[in-house]
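Order of writing sets the chain letters: A, B, C and D. Residues in each chain are counted from 1.
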Amino acid sequence: MSQHKSEENRLNDIKKYDIVVKRLQERGVELKDIAELTLGLQRQYLPNLEYEDALEHVKKVIMKREVQNAALTGIELDCLAEKGLLSEPLSSMLLNDYGLYGVDEVLALAIVNVYGSIGFTNFGYIDKLKPGIIGEIDKKGKEEGKCHTFLDDIIGAIAAAAASSIAHRFAE
Amino acid sequence: MSQHKSEENRLNDIKKYDIVVKRLQERGVELKDIAELTLGLQRQYLPNLEYEDALEHVKKVIMKREVQNAALTGIELDCLAEKGLLSEPLSSMLLNDYGLYGVDEVLALAIVNVYGSIGFTNFGYIDKLKPGIIGEIDKKGKEEGKCHTFLDDIIGAIAAAAASSIAHRFAE
Amino acid sequence: MSQHKSEENRLNDIKKYDIVVKRLQERGVELKDIAELTLGLQRQYLPNLEYEDALEHVKKVIMKREVQNAALTGIELDCLAEKGLLSEPLSSMLLNDYGLYGVDEVLALAIVNVYGSIGFTNFGYIDKLKPGIIGEIDKKGKEEGKCHTFLDDIIGAIAAAAASSIAHRFAE
Amino acid sequence: MSQHKSEENRLNDIKKYDIVVKRLQERGVELKDIAELTLGLQRQYLPNLEYEDALEHVKKVIMKREVQNAALTGIELDCLAEKGLLSEPLSSMLLNDYGLYGVDEVLALAIVNVYGSIGFTNFGYIDKLKPGIIGEIDKKGKEEGKCHTFLDDIIGAIAAAAASSIAHRFAE
């Protein structure tokens, strides 16, 4: 079969990668913040792991379509909630980061899954302890009119998936 | 511990149940349409299964919070796409029911999971063959300005979860 | 339809519940150990939560078929590994609790899912920090000829699912 | 960081690939049978898809660690059931392919997930209609002393994952 579509898809992935990175920045998150989370997760297992390795794997994760689509959808919902464009009861659930909502974790899981089930643990850990950028994002999300219900889970999931990707590459 | 919260939660579930049913109706789906799908899925295993049994289990599924939240989120995204309120590339992916989007299946899986892994098979089958209301919804979704990207998966997932619920109750 | 099967299924669930509890005991785990984990997970959100509440929800989780079947399968694999009845490379992966194996997390996820996606976070947290019985089980599993590859994940998943069940009941 | 571990891991994956292929053969399944399933799933979308493309993607799927480990675990459980080495009630559930067991679908899902959520539909469809080798395996599994409870789900999941892999590569 022709490789034509394949090439087109690849270009499309790069375009979407750029959009995801830009959206994350607009919401206050830089890739280096996510790489720091990944580094924190893997350093106990791989003491020689460097920041550049972590960043490279974060970028690799965001090149995945499943990740791009989940991230774009979650960030969009956060933004729509802030703009008052969601109907009730969805609007209130998102603006209050309702603990039983669950769809944020569902999207996060779809992201983590990209490098397999070993990432669940890292995601849960980071989501509960809220280190670095996750804690900042979570705190800002509690301000009036702000909504980070999906954002913190998406970031945590990308960091956890990158940690899995590293583990798959270097672990014994 | 006090049962106070528990009672409040229960009332909240009923309120959300009513909203989900209303949203489905506004999008052209009646509970009886979903019950027909469930009946079709289970009749080969339980020839004496009656329509009322199927409908009862569909209602039970929609009383679950995980299902309500996934359904409300998916339907909202469909509606926002129709109103032109989503940014690109999300807008185009939803309006064209892009096959590699994947978030629709992720939400569907969260719904199916409510009655366990045995529902995956039924969901996949129904999603591929598009019997009854699924086929109608899918066809209407292809009209200019219409978006049923999430709706058909949500309906299929509720029908599959109800089939699982029935299987768990009656199967040997 | 007749409620006959339904009654039979119920009795069968109780029988399997007893077997799961017995297997856990044979492997060094009491339900009270799991309830302690659940209590630890939920106390920060529900300071008045009592030990009896936690234990009740742990029991409720183990009454679920999906949980029973995943638990019985995982514990069986641990035991077969100890007895040298597994072929390679599965035997070595289990006896060494190989970090990239992943099937232990997959079964754990099936257990956690029983009370929805909000449990992922608790599972990951507990699986990483290894409080109480999880730490003990993990340590014993490192002894020559011992295998707890599935057991610690199963226990953590049951505790996390029970925490979700409590959250669904009492949370605002 | 050194690429040493990375290279070692790669060799290990190839070794496990060979073992998985051999186990499948011993259980009566050739890669070409799985490729036929994949071809059947994708032909309606990609009429020019050739058998060699399908086979190549089946091989790619089986090179994934998550897939290898799930496949090895499931096939082992089938074999142990046939040899009478499983304790009750697990033994009876597997030998009778108990419909509410669910762990077979859980492992299948872990396999399908390797190429994202778009594979669920294909898995469910194939698992329900049982085309080609799936039907044969299912039928043989009903013979006295035979157990194919995991095998048919594993094959269906590999075929569905390969179809997803093709869709991700060639679809518009």
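Here is the rule we go by: contacts are C-beta pairs under 8 Å (C-beta built on N, C-alpha and C of every residue); 3 or more make two chains touch, one makes a residue touch a chain.
Keep in mind that this is a model prediction, so the values were computed, not measured.
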{"item": "Contact-richer chain pair [B-C vs B-D]", "value": "B-D"}
{"item": "Whole-Å gap separating chain B and chain D, where each centre is the average of the chain's CA atoms", "value": "28"}
{"item": "In chain B, residues with contacts to at least two other chains", "value": "65-66, 100, 102-103, 106, 109-110, 116-117, 168, 171"}
{"item": "Touch-based graph of the chains, sorted into line, ring, star, complete or other", "value": "complete"}
{"item": "In the complex with chain C, residue positions of chain A that touch it", "value": "99-100, 102-103, 105-106, 108-109, 116-118, 120-129, 167-168, 171"}
{"item": "List of chain D residues in touch with chain C within their complex", "value": "15-16, 19, 65-66, 69-70, 72-73, 76-77, 79-80, 85-87, 89-90, 93, 100-103, 106-107, 109-110"}
{"item": "Contacting residues of chain B [partner chain C, same complex]", "value": "1, 5-6, 8-9, 46, 48-50, 53, 65-66, 110, 113-114, 116-117, 168-172"}
